[in-house]
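Letters A, B, C, D, E and F name the chains as they come in the text, with residue numbers starting at 1 for each one.
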Amino acid sequence: MAEKSMLVVSAHSADFVWRAGGAIALHKQNGYRVKVVCLSFGERGESAKLWRKGEMTVEKVKAARREESERAADILGAEVDFFDLGDYPLRVSDEALMRLVDVYREVQPAFVLSHSPKDPYNFDHPLAMHVAQEARIIAQAEGHNPGQKIVGAPPVYAFEPHQTEQCEWIPNTFLDITEVWDIKRRAIECMAGQEHLWDYYTRVALQRGVQAKRNIGITAALDIKYAEGYMRLTPAVTGDLA
Amino acid sequence: MAEKSMLVVSAHSADFVWRAGGAIALHKQNGYRVKVVCLSFGERGESAKLWRKGEMTVEKVKAARREESERAADILGAEVDFFDLGDYPLRVSDEALMRLVDVYREVQPAFVLSHSPKDPYNFDHPLAMHVAQEARIIAQAEGHNPGQKIVGAPPVYAFEPHQTEQCEWIPNTFLDITEVWDIKRRAIECMAGQEHLWDYYTRVALQRGVQAKRNIGITAALDIKYAEGYMRLTPAVTGDLA
Amino acid sequence: MAEKSMLVVSAHSADFVWRAGGAIALHKQNGYRVKVVCLSFGERGESAKLWRKGEMTVEKVKAARREESERAADILGAEVDFFDLGDYPLRVSDEALMRLVDVYREVQPAFVLSHSPKDPYNFDHPLAMHVAQEARIIAQAEGHNPGQKIVGAPPVYAFEPHQTEQCEWIPNTFLDITEVWDIKRRAIECMAGQEHLWDYYTRVALQRGVQAKRNIGITAALDIKYAEGYMRLTPAVTGDLA
Amino acid sequence: MAEKSMLVVSAHSADFVWRAGGAIALHKQNGYRVKVVCLSFGERGESAKLWRKGEMTVEKVKAARREESERAADILGAEVDFFDLGDYPLRVSDEALMRLVDVYREVQPAFVLSHSPKDPYNFDHPLAMHVAQEARIIAQAEGHNPGQKIVGAPPVYAFEPHQTEQCEWIPNTFLDITEVWDIKRRAIECMAGQEHLWDYYTRVALQRGVQAKRNIGITAALDIKYAEGYMRLTPAVTGDLA
Amino acid sequence: MAEKSMLVVSAHSADFVWRAGGAIALHKQNGYRVKVVCLSFGERGESAKLWRKGEMTVEKVKAARREESERAADILGAEVDFFDLGDYPLRVSDEALMRLVDVYREVQPAFVLSHSPKDPYNFDHPLAMHVAQEARIIAQAEGHNPGQKIVGAPPVYAFEPHQTEQCEWIPNTFLDITEVWDIKRRAIECMAGQEHLWDYYTRVALQRGVQAKRNIGITAALDIKYAEGYMRLTPAVTGDLA
Amino acid sequence: MAEKSMLVVSAHSADFVWRAGGAIALHKQNGYRVKVVCLSFGERGESAKLWRKGEMTVEKVKAARREESERAADILGAEVDFFDLGDYPLRVSDEALMRLVDVYREVQPAFVLSHSPKDPYNFDHPLAMHVAQEARIIAQAEGHNPGQKIVGAPPVYAFEPHQTEQCEWIPNTFLDITEVWDIKRRAIECMAGQEHLWDYYTRVALQRGVQAKRNIGITAALDIKYAEGYMRLTPAVTGDLA
């Protein structure tokens, strides 16, 4: 049987770590190939600490961000592609969209993770989800590059944004990441430029852990300490409702 | 390991057949114990054909409805309890609510099915879901009948209402019922008083089958012909997002 | 052909004047029988000016409100029934609900008007709509008082609440009341105890008139000066989409 | 009096048949001129069967799709314009938008039909509705091509998408197409490349027929067997609420 | 000038501590009188640890809960009234509602805090908010106990529920509680029976602190470490938009 | 202390007068610097009366609109920048977006006003709000034009659209403009080309005044006659909930 794979579409080069690092480490551990596409480096909008160092240029910031991101991906077990499309604002040309379609066709992901469809604090994030969905639809079309293997219908999940309620993001799926938490924390610590967020996202994982536990019932045998929340956007098809 | 079980809370005595007959037959076949609670017989509001026969009384209609319902349950493999609370309007006293709590405690369901939380065409339906949820919460409380085994956190699903869009019901879960379709159809045919609905719900199953197939992708090996749609109201907790 | 009729379910004894006076006068003029049910007199919550007179009792306030309401109904051409169920809070027993069902069966309305389903400023209003809908559903049931003529499926409209946006009330239907405006204004002026609202509702009618005109297009021949807005809750069935 | 007309804006060359074929045939029969604009042929994303034949090119697929579409339009009684803007993804330049404005000005439609404003399964569909609305607004502006006759305020309807609930599409209007069903079915059968959808959309029409009947009441004289559902996006202005 | 006051309507006897303890301590410090109404003790549904001790009765649990609650209120600076209406399920009679109206009339609160209007995990919570709003409306009515001083229009806020997103609760208002955090934490530690929640709600306060800081801008002089989130349900009226 | 300032992003050259004229006059009076950016003159879509004069060109209409707008701004006390990007449809290039970012950086607004995020009657309006938000986010980024003073987190408000309910616009904030009403009315009267709207917006101000008064309570000392409604899109951060 073919290796299973998953795809993460990240607006900036650190998003996949904070928001989906547990999913990446866990599925990697379970035999998945993990592909991450970073549409930009977040060089203008998410690198405040680097800019404050002085003597900075966009190229230097991008290099530093790439290096952090690659180390984190390495720890998590992911391959990363950097599309380098710029940020604040991110703009995605049809050419870049087709490059993402190619990734879908090559990776054949079992599921896809990206940002919440709405985020009033960050317009790059919803755009990343939009192109993740649009590329998926094109990758399903038999008339796009006929002869290539088309993509099935991989479920699409939105990972957790910074201010969930303002984004109308509702976690209908909790992923238990207790056993890979240490890996995620190590990946988080690669983000030297955003150290103030390390504890923030540790607390997020703990809160989601408590909630996940509550949603399986306190009498359940499974003990969940850390979790990630996801909003599944596409319906599930199943043979058992339990 | 203990037998698994499921619970269906049905406002009227036929709802569980049209709306959850496939889930019942399928899980029964897979080893589940299935408990159905019918809050009323639907004697006033859903028995038009019986009333038109003339010479009818409420008691006669209730008897006929009970008989149809029991035969259908038999075919599907479910145990049925009739609470006989009256319909149009259904009213649920706290005493009846506690009787439902007792069912939860006794059955210990792995999941629960009931009506959509909103239905402008039928006020008995949302009330059934409301008490299904309220009884579940009470059954979880350690201080309710201390000493009894409390209930965990069984997922709650809303099965398909008649006019889905008006009810703001969105199927985020499709259940493949292809292999038990014949059983469901036979159960449906017990409802002699509502023959006009037999083909309606057959078409519903076919449409949901096409949609379920589309949601796993046309390239998937699994062939789905009949399905039931469900709106899961409670978050899923999982160890794999595929 | 039988006379057509309409039904208005009003929480308090003045609501039908401010909110549906134009619809009543217009349909009356077009040959409809108009029935209004006032669930209460609004004696506690909507009679501030009367209470400030001093020497008041609930009975005196109710008598004054009834008198104003009857005069307004007379001008508009409506029959009024007062259920006298009390206000702030309005409470509707099943007995009162059945009395409303009887009205439906007797009146056989072609459509029904009541309050918006949500109103954070007034809990009596949504309750009135709730019972208007629940009574309609029971009146449709063949098993309720078998032998009586059942009700069809009269469209249900919510008339305009005081603070529309807070009530999530959206006018999807505008009624041109230009030709009966003078009648409505005269009925409004019967409400001596709420004189501060006369101009308020005149401005409402003018604003809705401008909006109605905009929704038929400025090039349309019809000149609309006054209108009432309604939120239709039930689908329309038609043979022409223009 | 001038001939009345209607406009359909279809993302791909078959959409207008499945989704609005009944409306077209019915209004044509009632004397309307019917104009259909197909923004693309659906050559990449909606022609799977054609591509599987092998030896295919985009041009061949487009030719086959055009031919099917024209035959269907002929049966229904519609004029079709093909804008040939490409699909998966559809992209609409301002030049194409202005061409659609010109159609509005020339056709002066009494109402407009297009896709649902949201469709997570198909990004071309919401875009078609978006430009249908944007072109309508521009066509209303006196400063656009001054001297031309401006457009009034034709109602806008969204026809039925494939998975209605996922699209947040709610049918607030049912069109009785019983008398033209045979015509619609014949038009549907022109779509040789999508034969699997013939029965799907026949079942849709039957289900909507049952629902339409329920919404006029089972006691109504009119017998409705087939219907189409529409979501009206613009308010109605009327002189009678029945 | 008269002392200002605030009112908190708490479903169970600990809710006001977790969810509004910071607001209470802060406003108390700023000169407000703080009144808390606990509708129940949460004796059945929120006292799991106490029940597990064995040898417990409802009366013993209620006494323990009352004692914890009073100590916490004391630390925060609030007066507490216990209505003792029972929990799981909470039921509020009209008599109890009128008792709450009396509290409004006596306290004349400048604003009111209660639970989120929706909570699928806890049906007592939305009911508490419902009666908090209904009592407020009745307290505004001149005809209710004429002669008493009526209540103005105190803003209503929903404090933070356990699983915010599932409750459709959106914090549109952040309260900086940094300077009173120690007091809140001490009050929290009175809740011996729910020690597992101490750190949970500490993390909540830290996360809301980060978000509050982000919403005033990182360049703002004010340093916020701990905050509480609120959803304001009623419009603000102001003379300055900054 | 530095002067405070506010920013208004207006799609067309008259919008800021009808919708935010009171806010401008009031804050000007209270010492604010007021900057207005008009993205277009509304020369095609909102100048019907001018076009009907005949002998008109786009340049002449733009000149007339600019003159009216400047006179109104003068009366209100605002500086106006005209971006002249065209209307019906408005299109905003990235270059224009960056020009707006520069305005943010230069003005350092304490709050921002623009259109409602949704408006089915006018697609230029939501686009204006979109770019107002996008420019604000970019202006906050340290990596955009490093060295410039970044912008904090100014609250964003949507002012009142023409048909509020269709736009899903809900006024959660009322601004009392009673004391500057005369100034706003004089500014309104500069709009010679849209005289039919003078009374419309006067009535809007009166209605919002009544509602604002109701939301502070009829017993409040403050008498409000005229108000403007705003939908605040960003959370408030406060130290007092009254």
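One rule holds for everything that comes next: a residue touches a chain if its C-beta (ideal position, glycine included) is under 8 Å from a C-beta of that chain, and two chains touch if they have at least 3 such contacts.
Chains and their UniProt names: A, B, C, D, E, F = GlcNAc-PI de-N-acetylase.
As the structure is a prediction and not an experimental result, all values here were calculated from the model.
Minimum number of contact steps separating chain C from chain E: 1.
Listing every chain that touches chain D and chain E alike gives A, B, C, F.
Taking CA atoms, the transformation carrying chain A onto chain F includes a rotation by 120°, reported to the nearest 5. The greatest centre-to-centre distance from chain C, using averaged C-alpha positions, is reached by A. In terms of the distance between Cα centroids, chain E is separated most widely from D. Our note on geometry: chain B versus chain C, Cα centroid distance of 37 Å, whole angstroms. Multi-chain contact residues, meaning those touching two or more other chains, occur in chain E at positions 48, 121, 140, 166, 171, 211, 214, 218, 234-235. Chain pairs that touch one another, listed by label: A-B, A-D, A-E, A-F, B-C, B-D, B-E, C-D, C-E, C-F, D-F, E-F. Interface residues of chain E, counted against chain C in their complex, comprise 94, 97, 133-134, 137-138, 140-144, 146, 233-235.
Listed in rising order, the residues of chain C touching chain F in the complex are 48, 121, 162-166, 169-171, 200, 203-204, 206-207, 210-211, 214, 218.
Across the complex, chain C is touched by residues 4, 6, 23, 26-27, 30, 110-111, 113, 140, 150-155, 157, 171-176, 211-212, 214-220, 224, 227, 230, 232, 234-242 of chain D. Chain contact summary for the complex, chain E toward chain B: residues 43-45, 47-48, 51-52, 56, 58, 61, 88-89, 91, 120-123, 166.
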